[in-house]
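Scroll down for the structure; my scribbles are underneath it.
Note that the chains are named A, B and C in the order they appear, and that numbering of residues resets to 1 at the start of each chain.
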Amino acid sequence: MFGIGVLKGMAVTFKNFVESYYKKERLTTIEYPEKRLAEKERFRNFPFLIFDEKPEDPRCVACDICAKECPPQCITIVRAQDAQGKPLKKPATFDIDYSICMNCGVCEEVCPFDAIFMDHEFELAEYGRFEDLNYTIDRLLKPKEHFMKIRPTDATRIEAELKKKENAKKAAAEKAAAAAKAKAEAAKTQASQVPDTKPETKPNEPAQPADPPAEAK
Amino acid sequence: MMEHTLISKPDFDTQTLEVSLGPQHPSTHGVFRMNVVLDGETIVKLKPVMGYLHRNHEKLAENMSYLGSMPYTDRLDYICSMTNNFAYALAVEKLAGIEVPERAQYIRIIMAELTRLVNHTLLIGFLLNDLGAFFTPVLYAFREREKILDLFEEVAGSRMMCNYFRFGGVKADLTPDFLPRVKELIQNYPRFLDEFEALLSENEILMARTQKVGVLPKELAVSASITGPMLRASGVPYDIRKVDHYSLYDRFKFRVPIGEHGDVYDRYYIRVLEMRESIKILDQAVKEIPSGDVISKVGAGFAKAPRNFKPKAGEAYGRIEAPKGELGFFVVSDGTNKPYRYHVRAPSFINLTILEDMCLGHKVPDAIIILGSIDIVLGEVDR
Amino acid sequence: MDQLFVHIDQAIIHWAQAVLPDWMAVIVAMKIPIVAIAIFGPVTMMYLTLIERKLLARIQNRFGPNRVGKFGLLQPLADGVKMLTKEDIVPEKADKIAHLLAPILIVIPALLVFAVLPFGRNMIAVDLNIGVLFFLAMSGTTTLFIFTAAWASHNKFSLLGGMRSVAQMISYEIPFVLSVVPVLVVVGSFSTVAIVEAQPGLHWFVFTPWGAVGFFIFFICAVAEVNRTPFDLPEAESELVAGFHTEYSGMKFALFYMAEFMNVFTVSALVATVFLGGWQGPILPSWVWFLLKTYTLILIMMWFRGTFPRLRADQLMGFAWKFLLELTFVNIIVAAIWYEMRSPLNHLTAAAILIVTIIVLFQFNKTEIPKKRIYKYAYAD
């Protein structure tokens, strides 16, 4: 009953034993926490909010889309109001309950303003389940340099898109200002001129802002 | 039903012993219970008790948009998340009539075959752990599996809960490092399989323990709607990749191994052979993958705004050859952006119904191995 | 160097005779081997557990314990502290006296048999002239205590484990005992010292045909007697949770564990003594040879544990009754023939008879031997 197959098996184990002393691929343990693996760029753990210059104005405009699309419903947003009660484009409170969040990344995908992204932090153990794991907006806000550091390719692409949008908006605003100035001047000259002169050609339509790219890459 | 004979003669005053194996047990692969009635050490009756992991998946989907249940499908068969996503995406694409570009199809097939490697590797490791080989095959299997999980993390962002497929394609393109690493894996994996076979496939103890144990005859398998490697080990040549011709599998040349006896050894060895065929498919896919879009325009729009995805009223059933069997999703839409009914045909659940017939007349250790060879995952059984 | 420990022993006795009164000196002289064994036994067992964990870990491509002390050398002490401070849980309906006594009683034979092992030249605790018989008898009583432990737990799983263990150990006792008989026939005495002295230099019994077969049978039965893989049905971890020691926690479990490892050591030592020449060997001191041979056998047992799956109960007993037992009987006769013939012819005759027997036994057991299969493919083009 014990034949050659059994001895072949023993040879394999012996080979593994001996080679574990000098071959790296036969001893694949990484001794955490002294040594760590390099983080992958697209690794998604819990979300964070991003701000451009000051933590007081984040990119988020409290549109509530991520809270509605979140599958386990872990995001709670309350819009800020100014002194008169008019709603502002800022969140007053933005709570993510990390003990409910399942790291799916849907909030990052659906945000139209590129305001929420998935972070790489995973050493987040806390003692209190309800008070410490419910992250409020002050713990969620991180600067855009952090985003550039952890996900360079995505960050450069999004920065490029945002810059393009901003430039387009600036160009549109300049054109609108130039058009308004020309219109004002035309109105002035028209008021001081004979009415039978041909009216100025209508100023051009202000340029449309560039379409956001249709495909999500 | 299979015949079985009582061991003790009727004129002895014997009693049968009723034992409950589980739900906490080192080798029932999750929270699963079997009520076993023993006569000495032979099994006379066996009733599986499931439902310890029921999480209301199907009802939850009725309250979320279609894309919102995609992360939940990862958690059905939590070892092979990519194929779960694949089946759901197929079902909804059939329902709404969305086309998928070619590069996305190739990426989907690559991910599905990598998942098949992941699942079968884990299974052969754990089957041998059930037999008592004290974790050595498990750790060899996990060492290889880690390489594939690292690949998943690089592309999708997470090792197990990938959430990578979208209706009309996949979420994001492959990183530049991915294809060279898959090519390296294709080179090294057959060597690992050879080493594994030298360790175990010709081991007399393994063969003596698993041959002629848990035999499943062909007719019983077909009438109980068993699918997957269990069916092929009993001798029925049915593989959905060849029968349904879904998603460009027609372009690849691969064979389907068929067993003869339908016992535990056949089921174990069929999976080893299937892994070799998957490596062949991967090889061809990696060479032929074209460049292009990874998601159709319509699909990208829906991925950005899932609340706008309102398919026409109707129903669709999409099924794939998951590593465990036939995984199917049945989706019924009533024109709004939430599904009206959503049902999962889980292969592990259906394959479990035949457990009693296979185990009668065997002993307790055999029942453990037979359960291991069915390859269940409780996330799927209980949903 | 060879007689290092003997000199230390005599030095202590001289000191005791010089310093202490007469009757105390006698007691000290008697107690030295006992103290030596009482220290050596448990310390060996502790470090054997560490060696096993590190060896299995390297086979499985990982580090073993290496956090407690450098290379994990203080791990057994940490384990000891853990076992001592655990809560002692006794099931409500268990038989309290038997539950308490079983782990204690199982350690006693494991320790007692250290007395007849020849650790080196002139280094044996008690030179009984029925040494081997004493050893075999003591290791047979372990079965009884395992069953006591299983019964006392009042647990269906433990009882199943206990009954399987009794069946297994009884089936393997007979080839275990009978495979030593050829050695006794050739040597003519039960005493372990005499057996070792009958194998001078490198003429160990394992190099004779009947010795090789006897060594093989004896080693396999030894693995079965100490309940190690591939015969570890009684403590089958993945099938019956933990078999007969499921309901034991804390120090009682530590005692079971200790008894198992001491058994591993002593039975390997006996195999080394009887077949591999004990402390005989060319250059190194005698006790170094003894420890070398014993530890090689122990490492082979650990290697088995890392590689093989488990045999089922009926296959295990089929192997003992249908193969090993017949081979043992033939081996005894062949040893007697070899002893009587006394010429270069005896080796060839002995080898020939044994090979024929093995082939015949394989033919008889053909249905039990599994065959390799060939698989077909569908959709092959």
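What we mean here is this: a contact is a pair of C-beta atoms (placed from the backbone, for glycine too) under 8 Å apart; a residue touches a chain by one contact, two chains touch by 3 or more.
The chain list, named the UniProt way, goes like this: A = 4Fe-4S ferredoxin; B = NADH-quinone oxidoreductase subunit D; C = NADH-quinone oxidoreductase subunit H.
Everything numeric in this text was worked out from a predicted model, so none of it was measured.
Among the remaining chains, C is positioned farthest from chain A, on the basis of C-alpha centroids.
Comparing each chain's Cα centroid with the centroid of every protein Cα atom identifies chain B as the most central.
With centres taken as mean Cα positions, chain C sits 64 Å from chain A. Rounded to whole angstrom, the centroid-to-centroid distance between chain A and chain B, based on C-alpha atoms, equals 34 Å. The mean-CA centres of chain B and chain C are about 44 angstrom from one another, to the nearest whole unit.
Chain contacts: chain B has residues 136, 140, 143, 199, 202-205, 207-208 touching two or more partner chains.
Counting only residues that touch two or more partner chains, chain C has 59-62, 306-308, 368-369.
Shared contact sites, meaning residues of chain A that touch two or more other chains, fall at 1, 3, 6, 9, 12-13, 16, 28. Those residues of chain B lying in contact with chain C across their complex are 17, 19, 25-27, 41, 128-136, 139-140, 143, 199, 202-209, 211, 237, 239, 242, 253-261, 265-266, 269-270, 273, 363-366, 368. If you check the complex, the residues on chain C that touch chain B are 56, 59-62, 156-157, 160, 229-230, 232, 236-241, 305-315, 368-373, 375-381.
Those residues of chain A whose C-beta lies close enough to touch chain B in the complex are 1-6, 8-9, 11-13, 16, 28, 40-44, 68-69, 71, 102-106, 109-110, 112, 118, 214-217.
Against chain C, in their complex, chain A makes its touches with residues 1, 3, 6, 9-10, 12-14, 16-17, 20-21, 26-29, 31. Across the complex, chain C meets chain A through its residues 55, 58-63, 303-304, 306-308, 319, 323, 365, 368-369.
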